[in-house]
Amino acid sequence: MTEILSSAEEIAARIPDGALLALPPEYAPCSMETIRALVRRGAKELRLLGVPQFGIQAELLIGSGCVAEVETAAVTLGEQGLAPRFTDAIKQQKIRMRDTTCPAIHAALQASEKGLPFMPLRGLIGTDILARRDDWRLGENPFGEDDPIVYLPAIRPDVALFHAPKADRNGNVWIGLRRELMMMAHASANACVTVEEIVDGDLLDDPQLAAGTIPGLYVSAIAPAERGAWPLGVPHLYERDNAHLARYAEMAKSQQGFDAYVDQWVNGRAAAE
Amino acid sequence: MSGIRTEEIMIATIARMLSGLSHVAVGAASPVPGSAALLARRLSGGALRVSLLGRVSNPTFTDGARELFDCAAQGRIDAFFLSGVQIDGQANINLVSIGDPDKPKARFPGSFGSAYLYFLVPRVILFRQDHSPRALVPKVDYVSAPGVSEPNVYRPGGPYALVTGRCVFDFDKDAGRFRLGSVHSGHTVEEIEKETGFDFEMPDGAVVPETEMPSREWIDLIRGPVGEEIRETYPDFASRMFGKA
Amino acid sequence: MTEILSSAEEIAARIPDGALLALPPEYAPCSMETIRALVRRGAKELRLLGVPQFGIQAELLIGSGCVAEVETAAVTLGEQGLAPRFTDAIKQQKIRMRDTTCPAIHAALQASEKGLPFMPLRGLIGTDILARRDDWRLGENPFGEDDPIVYLPAIRPDVALFHAPKADRNGNVWIGLRRELMMMAHASANACVTVEEIVDGDLLDDPQLAAGTIPGLYVSAIAPAERGAWPLGVPHLYERDNAHLARYAEMAKSQQGFDAYVDQWVNGRAAAE
Amino acid sequence: MSGIRTEEIMIATIARMLSGLSHVAVGAASPVPGSAALLARRLSGGALRVSLLGRVSNPTFTDGARELFDCAAQGRIDAFFLSGVQIDGQANINLVSIGDPDKPKARFPGSFGSAYLYFLVPRVILFRQDHSPRALVPKVDYVSAPGVSEPNVYRPGGPYALVTGRCVFDFDKDAGRFRLGSVHSGHTVEEIEKETGFDFEMPDGAVVPETEMPSREWIDLIRGPVGEEIRETYPDFASRMFGKA
């Protein structure tokens, strides 16, 4: 049964230190309110999985010292430039980095979704990504002749964390077109979700909504968080706050500036509420 | 027609390379190819399908982020676009780091889908506005995706051309290296040789052609409807290029 | 570009003799109107793929001599009993039968959907299904030790044929919860679809509808066919006509009775229109 | 309480086996287990999740037909139900044919998902109302799914019990064979021995227990709300058992 919680703070409490935490990219709704709660709690040793890439959600956790390891296809602030705290952490060797490529993340999560130990994937051969991954195997296509193919072990995150437009009290979460969120929920031991609103009734009773809904079966906990993706956006509800992200990019160029940002926008916001 | 910007030459040049195709996809951090694809779609009368990562309106895909990659592997995407912080003469691209990856001098976002799509999409067009020996190097420090593969590696896709702020290189698949295709107006072959860190072949004829300039009509399309369309996904780029919305 | 055709007859014309034809089960909308058109045309040597199981859709084609081969997890008329023409064809050795299991069909189509040469699948070891499939391979889990696992080659149907509630003129087809139809379309070289109605506008422009829509990219041809799934049903629109299926089950016990059924309900219906 | 039908005893017996579980799935051609699962859900106060294949209302799954199988492989389904045209003493089941499969004496629908789910769902309950030597055989003619596997075969799931119209057999995983668990009211051990084509073990005690009969309350649930609920998926079964809607 899905727990219906009252705040992102409580969602954050369901994410233990050391967890393998799967997060969506900036453009699939990200539960920024929970990310800020994790920073406020001083979460430790998180292992972040980018599905498939990261932006400010990883920046805040990395810059705050919550992260031990990152596996992702990229970290970027998009038009607002490079991710300064990520870049710094790599250069200072503060985090372990596992570079990968988008479809390898999807394939490894699909393996977990399907209860398979692995999935094959084309591409990758001859890259330094493959050369530096000792957890992957270069094998043979059993139906080919001298046809090498890469095998990727399943990734089963401890928690998938994301934001969505709405959920009902049975734990069903409407995600519309953002089906990578469904794959994350299927593939993970727990899915923790903040939503713009919790609605009456059952989303699965409406054939149109059901088509874009993650069943409560896969959802451990939900909590309301209005504008919970801010400063990122939610498709069709509100847009990414580019001015704020530009401000973040500027402030986070130094650790001192980043700390000031956190004081104002992570700790300060909570204090103001 | 004055005041044509380098980006506009690149957009028009890439758009010409998409003529006659059915479906092109545009990945992250690709405003110039994105604009080129949207221009090409208009020029095709809507026959060209354009899948733009990150766009909310007019989605092409409905099965999550993996669908782009699955679709490419099925052979349903004709062209894609990649860049690199370094690109070398064998069309290897590096999107990760300069120096030792474990203790890099510079770190960049990461490889995105390049390590997959470069193998699978028939016509991968490389783009890099900054044409300098720093960007176009003899050998990349990190191979995000290789330009060529051993014959037994499954690889229906690969590099087609490299469009920079100064010129166009065509990729010669058999030779496994670039050939200078054309030089943009205002630039010279000598300059290209000086600013390119890798060796490349020269075209067969005696004279290196000049890159075709976009027509008035194309410029109007780029600065008009294409600019408005790309703004949804790349607002900063659109403002910088075409002014505020 | 998706062809917009005017009838199921024209859809049937896009399915060549000898094609590997993927069809949904009875409960995901089946394009029965096109099945009848194939029977009327006298289609030959079709190879049917059940995704994952069959009912009357395969019966009509098998009983009419349109079928050379069947790969499916089951053929049954559900509460109306065994499938008489299928049973007879097997006993008379009129068709080649490849028995399989539901998830093996899904896995082989997912391999095709992902452009992969194969997919691994758990289960199967020790079954006569596996023992009798020389196109499958028993291999090893590359991440295990002495952990056998079955490898299935991708199946890429020539045509996926199904029915859906609605489509638009850009070829987008709304299928709601019946996502196996989307997988079939992704995995097949062509998808041919009849729909209850062709609507104005673009289904992908509506975020709710888009979540249950197959993009026109994968759809070769659509045609309107009102009540085109009859005597099967379309979820939320009309129900399976159980009385008619009971009548079919009774008549089809003999080839003579089946032929009378076809005269009346396949050839006769067309003549009456 | 007169007039309790064999199906109702089977429904109640299976429902008891589902007590305390979180999620059970019901496949094709399974009206008796379907009713049992819906009864068990009511008895659990709604805590038990029931996924009924073919039901249109209250869907559990939203990712297509494959989700049931993926969900089972993830360990998210606690119980499933299988039958067989033949079931043997090692709990092998045959859903395909009698005689040589290439030229069978009788052909049946096929294996459905059994060759997968039997390996992956922890508690697979076999059901077969017709308890005769024709159905319960020494050795199946075709193995749709085996009852036991070699130790190195990945198999978190397998047979739990076999519920027939005459009795309940528990499956002894260590011995790899059935043990008689209880005999339905009106039937005898001698009859079971005569009508069962395979050897089975006897329970430890001297007396074979009688299968617990459903209470008045359970019968009312089965004939009332459960019957109405199963009618959507199995209208013929519901009409036969509980009368027309």
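When the chains are written out, they are named A, B, C and D in that same order, and each has its own residue count from 1.
Here, contacts are C-beta pairs under 8 Å (C-beta built on N, C-alpha and C of every residue); 3 or more make two chains touch, one makes a residue touch a chain.
Given the structure is predicted, the values throughout are model-derived calculations rather than measurements.
Colleague: When contacts are scored as defined above, which chain pair ends up with more C-beta pairs, C-D or A-D?
Modeller: C-D
Colleague: So how far apart, in whole Å, are chain A and chain B when each is placed at the average of its C-alpha atoms?
Modeller: 28
Colleague: Measuring from the mean C-alpha position of chain B to the mean C-alpha position of chain D, what distance in angstrom results?
Modeller: 59
Colleague: So the centre of each chain is just the mean of its C-alpha atoms; given that, what is the distance between chain A and chain D in Å?
Modeller: So the centroids are 41 Å from each other.
Colleague: What are the residue numbers in chain B that touch two or more other chains?
Modeller: Where chain B meets two or more other chains at a single residue, that happens at 59, 61-63, 69, 73, 120.
Colleague: For chain A, which residues are shared contacts with two or more other chains?
Modeller: 107, 115-116, 121-122, 147, 149, 177, 179, 182, 210-212, 235-236
Colleague: For the protein chains shown, what form does their contact graph take: line, ring, star, complete or other?
Modeller: Here the contact pattern is something else, fitting no line, ring, star or complete shape.
Colleague: Which of the chains touch, listed as pairs?
Modeller: Here the touching pairs of chains are A-B, A-C, A-D, B-C, C-D.
Colleague: If you look only at chain D, which of its residues touch chain A in the complex?
Modeller: Going by the criterion above, the answer is residues 23, 47, 49, 57-63, 67, 69-76, 120.
Colleague: In their complex, what parts of chain C are in touch with chain A?
Modeller: 114-122, 137, 139, 141-144, 147, 149, 151, 153, 175-177, 179, 207-212, 235-236
Colleague: Under the stated contact criterion, what part of chain A meets chain D in this complex?
Modeller: Its residues touching chain D are 1, 112-116, 182, 186, 202, 204-205, 210-215, 217-218.
Colleague: Across the complex, what residues on chain C touch chain D?
Modeller: These residues of chain C touch chain D: 25, 27-28, 51-53, 72-76, 78-80, 82-83, 86-87, 90-91, 93, 99-104, 106-107, 110, 121-132, 146-149, 177-183, 235-236, 242.
Colleague: Any idea which chain D residues touch chain C in the complex?
Modeller: 28-29, 54, 56, 59, 61-66, 69, 73, 95-97, 101-104, 107-120, 142-146, 149-150, 152-154, 234-237
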